[in-house]
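Have a look at these structures, which come just after this line.
Presented sequentially are two complexes of chain A, the first with chain B as partner and the second with chain C.
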Partner chain A sequence: MTMRLFGLLAAASVGLSGTAFADTVKLGYQLPLTGETAQYGQDFRKAADIALAEFNKSGKPFTVEILFEDSRSDAKEGTTIARKFVDNKEIVGVLGDFTSGVSMAAAQVYKDAGMPQLSQTASHPDYTKISKYQFRNIATQAQEGPYNAKWMLSKGYKNIAIIAEQTDWGQSVGAGFTDTVKAGGGTIVFSEFFNRGLKDYRSLISKIERAKPDAIYTGFFYEDGAQFLKQVQQLGIKTPVYSTSAAYSPKLLELAGDAAEGVHLTSNFLPTDPSADVQHFVTEWKAKSDGAVPGQFPAQAYDAVRIMLAAVEKAYPNPTREKVRDALAETKDFPGVTGKTTFGPDREAQKELVKVEVKGGAFVPVAD
Partner chain B sequence: MNGSELVPLRGGWSRPVPLLAALALFAVLPAVLAGFDRGYLYQIANLSLIFVLLSASMHLVTGVAGLLHLGHAAFYGVGAYTAALLSSKLGLGFTATLPLSGLTAALVAFLVALPTMRLVSIYFAVATLAIGQMLYLVMLNWVELTKGPNGIIVTKGLELFGFSLSGRLPTYYTVAVVVALCVVAIGRLSHSYYGNTLRSIREDDQCADAMGVRTVRLKMEAFTLSAFFAGVAGSLWAHMTGYISPGDFKFSESILILAMVVVGGLGSLPGAVIGALLLILLPEGLRGLGDFRNIMVGLVMFLSILLLPKGLFGEVSALDFARRQWGAAWRRTRGGEGIGWR
Partner chain C sequence: MIDPYYLQQLAIGLSLGMTYALMAIGFTLIFGVLNVVNFAHGEIYTLGAFAGLVLISAAAPPAVAVIFAALAIGALAGFSLERLAFKPFRRFTDEASLKSRAMRESTLLSSLAVSIVVREGLEIGFGSQMQSIPFAYLINTPVRVGPVILVTGDFIIFGVAAAMLVGLQYLLTRTRTGLAIRAVSNNPLGAKYVGIDTDRTIIVTFVVGSMMGAAAGILTGLYYGAVFPAMGFIPGIKAFVAMVMGGLSSIPGAVICALILGIAESMATTFVSSGWSDMVAYGFLIVTLIFFPNGLFGARRERV
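This part shows the complex of A and B:
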């Protein structure tokens, strides 16, 4: 039994000793490559590969290598990976994880080790408060909620119903939005959280309708969103539905079909944006994914990796974890496919948001 | 002197396993860990030990008493949340939260066991499934108390009566001592006349009842005791990682612990320990395989059940092993026949 333990420990430690090249800088990326949320992790790896290949081809005096580790969106695996990355003295910065829970568990390790951590999606309000080493490349609901609230109020909707998934993120969807609605003279007539992966929304929808709202504000990802919208259509309900950038994915249109028609949501990434940067990313992505169009999250991951690479470049030569952290903190107006990104003193990404409506089976930017 | 006289067998080299196990756990392994000095290895060692405790605690209720338990992770969660809430709201340290976590988990288990203990076989399993889900949903949805999906940051690390034990080696030793004590306690419970009584309930509860065994009471005790140890494991996890959220205690964790017990060998304590080590260390060791590692883990589990349906260390050989190597007052006749329990 003991021998078995040693054998496996030794086997596990083999992965730690990499070969060192003076001109290679290493980064870690922890993400769910298997498990229930693997579809997101696989997308992030694809986006990171695109960003990394471009960087290494651009004739910099050094190359960067990213070590990917599968966390399965499991906190125990996430902290183990964090220890592994911290042990590897060559790694100067870490990207990930996908969910806030795993990102925050891993952040406890990175905090003590002084390792800069940049998550493309962790949206928990307290994530960046853990230490000065935590950054994120996602517009938080503290920013998006008030923006959407003003948008809906400007349309004349006074009685609003909110539903959101029962996660840390769903909680922040409700919190950020409600205050602005109330301050603007509106009323929240109904508010409820549902558990992720719910199949039957009909009782929830009837409860919403009983409250007679002018519009429904929703916090869900595309899988739950598609289910919800289909069932809203089946019940013949015409109340306008608004949502957040988390639902902004081509898969929403694919899964919900014409039930998604007329949904309003915000985004900071438009694959139809004619700018060269965006079109380059979309082309590269399509080449790697059988012509599929990238959604919001891969775009955030693509930018997160490029922001990290820019910080490494700034810290070069002899980049250290501390230098990379400082370089990340100085990120200002980084031109990405999700708009310009600046890290505030709270290490939150300030993002520009775009209003979008689903029209004719596509996301179309709208002025109001 | 006749052949049937009972002679107590003394310790020492006739029973080297307890000594070797203690040496490995408290001397060799920490020396190796300190030699490599990698946080990663410490993390894996600590995580393995916590799951050894979870697996051993489930062994008591599922392996020995034969109650298929599908909600064990929820009691692990109750322990972790008790520790996290007591330390973040009342400022209590690990010394206080460790026993309180165990007791709270045991209390919750006792209360939910009251109405379910007369259920048998698959009906009991479904009831524990429901209990696990209910407790998980309480952690997820009682936002005022548990902060719901936001989870709780536990700022206090491991300590003993105010002395900080938060370094790498002290953390390992704390986890190792707590887990070792608990596993020894579980060993004493399952390798004894008490354990035999639980086994009699597993084999035929009506027959045991007819023989005068208080089956309902004993099942309840096994269930409550097992929750106590799971709660202790939860407290270790909460203080060790510094952040917990409901996702750490969902149904899939219960299944993971169940798989550990079954792969190791139902009813076998050494098996439960080996099963836990296997299912924590194997996925880590196979990281090099990338996306295929979970398939490999599944394959190993499948083959081990197919080829060794009684487990890696089956109950019969485990009992024999425990009798020969662990019993301090196990008696043996001069003819070589053994009797009794220690």
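This part shows the complex of A and C:
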């Protein structure tokens, strides 16, 4: 009897000490750290490090550790990492991946395991439809496409050409945009997808011009964008070019130079925003990157990590995957550098978009 | 009257083909003519571009100096590559090893290993994003020729590729070094027995071929204004296809096939989505391998 009581006591004390000293909560972050999209993943890690260091310094009763895993933007790698994260019982939430394709592949694993997943960039409409565990901190093309379509129609462009990269995301750029253009009385005179990383767009540009569009709507990231814009300029073409927030990066201006002049696009992050939160992030970022200004993607990653950390804090003590998921779902008006974030019942972050034009080598917000 | 649209596409195709040819020349010299399986040429190309970029951002020298820096780095890289990935496999000099195909083809993996190390090393050092090049160095100022628009780089690349081609043909057919290269490629054992310094010949070929690879890298980098660690991969594949189509050992054949490849890609864009244009290169490779196993220009037995 005494032995038994002692045993119970011992078990209880182990259990107690278990909670008392489990003051580190672990998160996983899957992102491309090598390979052709590594520059994005590296930026996300930098943003996550800033957010994490701030959180751990702020005197919370626990600290958080983020395990980074390199997915190389490869769906197979992505699912392997997802299994690894799921098997690690200490991990209560996952951030990433970068592309919609890899995020969606990994999401299948997280769905079965009941692991909350928050991607800073996956903007394919189907991503959050996979299960109640998928969240994102980016405006989808279902939101951005119609917004840009109305913008272009309001400028009087009726015959519009679309080109986008040949990915899940690129497909959604075309799909979200086309319907609104048609509903608004416009015509899509040309629509085509190119392979990401294409160096020579001149054949494609000549082909677009043969369709005589009033304006070109493009779904690309900054490297492809810079190549495209430089070659448009080379061929002496003056057709206005519109793009999505994916191309919003200071690197676009750096690589394309004056060829980027006059490009219109949307964004939900402006590094020139005077608010203290934005300026704090911009300063921290500059200190870590030789004075370079952050683009929209790192800002989204910074916010995504902070949203996840807030959810973990809410689920503390004893955060579980289910509690973190529920805390994430309750996120309301989270004040981030990319605007206030609220997750609706569809786990979409409704973002406020800003219209931007490249003028004099800088992104300048415009009214219309 | 031909539609100016097609003339423009033809011009774009030719300039595209010219950038492939630039890469294919050095590639074919090492892989095809010397008959050494080398999959690190794409990284030599990348190294050449980065060497030029580093010099531009450090000292802002005249463009010619940049090309010479790339050539020097290419020579050094070619020498080191040979030393690291190829020489160790020649340490057995017995007849069985010299005749062994396995010995010869094992450099496929060793050169691939070097290429991965170089690429990842560059990624660690420079990051994998595209590096920006000061616009003054770019060779893409538009030039109007009749109804089509070309850029200055098209003429420079044409000139360099032509000079490389003529120079190499001269080297291979008119000089003793060229004779030695051909002898080593034809029969390494025989070449050794008649007193040719095979080690030296192989090193010379690597140095020359890699200099050309590095020059191709910096020129293409300045042409497109895009320098990044993975830049050598696609041109490497295109050069490989051009070499196989051209009959492995024929440098003029590889150049002609590179041009055919470029024109076919730009013309194909007119009829199919540009997303499919890479299929043209692979399609050509398959068709060539099935119907012309010796390549389009490889019917002769002599390996030049």
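Throughout what follows, the second predicted complex is superposed on the first by the 347 of 368 C-alpha atoms of A that agree within 3 Å, B and C clash if a C-alpha of one lies under 4 Å from a C-alpha of the other, contacts with A are read in each partner's own complex, and residues count from 1 in each chain.
By definition in this document, a residue touches a chain if its C-beta (ideal position, glycine included) is under 8 Å from a C-beta of that chain, and two chains touch if they have at least 3 such contacts.
Bear in mind the structure is a predicted one, so any value in this text is a computation, not a measurement.
Asker: Thinking of the overlay built on chain A, is A:56 touched by chain B (first), by chain C (second), by both, or by neither?
Answerer: Once the two structures are laid over each other on A, A:56 reaches no partner at all.
Asker: Thinking of the overlay built on chain A, is A:195 touched by chain B (first), by chain C (second), by both, or by neither?
Answerer: After superposing on A, A:195 lies in contact with both chain B and chain C.
Asker: One more residue to check, A:166. First (chain B), second (chain C), both or neither?
Answerer: Touch status of A:166: both partners.
Asker: Taking the superposition on A as described, I'd like to know which of chain B and chain C A:108 touches: first, second, both or neither.
Answerer: first
Asker: So, does A:143 touch the first partner chain B, the second partner chain C, both, or neither?
Answerer: Neither chain B nor chain C is touched by A:143.
Asker: Does chain B (first) or chain C (second) touch A:34, or do both, or does neither?
Answerer: After superposing on A, A:34 lies in contact with both chain B and chain C.
Asker: By the touch definition at the top of the document, which applies to A:254: first (chain B), second (chain C), both, or neither?
Answerer: After superposing on A, A:254 lies in contact with chain C but is clear of chain B.
Asker: Answer with first, second, both or neither: which of chain B and chain C does A:223 touch in the superposed model?
Answerer: second
Asker: For A:131, using the defined touch cut-off, is the partner it touches chain B, chain C, both, or neither? Pick first, second, both or neither.
Answerer: neither
Asker: State which residues of chain A lie in both footprints, the one left by chain B and the one left by chain C.
Answerer: 34-35, 166, 193, 195
Asker: Going by the contact rule set out above, which residues of chain B touch chain A in the complex?
Answerer: Those residues of chain B that touch chain A are 20-21, 24, 28-29, 32, 36, 38-45, 47-48, 137, 140-141, 143, 148-151, 153, 241-245, 247-248, 270, 273-274, 277-278, 281-285, 287-288, 290-291, 293-294.
Asker: Of all residues in chain A, which touch chain B in the complex?
Answerer: 1-2, 4-6, 8-9, 11-16, 33-35, 69-70, 72-77, 79-80, 83-84, 86-87, 99, 101, 104-105, 107-109, 113, 124-126, 130, 166-171, 193, 195
Asker: Quick one: which bits of chain A touch chain C in the complex? Just the residue numbers, please.
Answerer: Listed in rising order, the residues are 34-39, 42, 166, 192-195, 197-200, 202-204, 206-207, 210, 223, 226-227, 230, 234-236, 251, 254-255, 257.
Asker: For the complex, give me every residue of chain C touching chain A.
Answerer: 5, 8-9, 12-13, 16, 120, 123, 127-130, 132, 135, 140, 142, 149, 151, 224-226, 228, 230, 234, 265-266, 269-270, 273-275, 277-278
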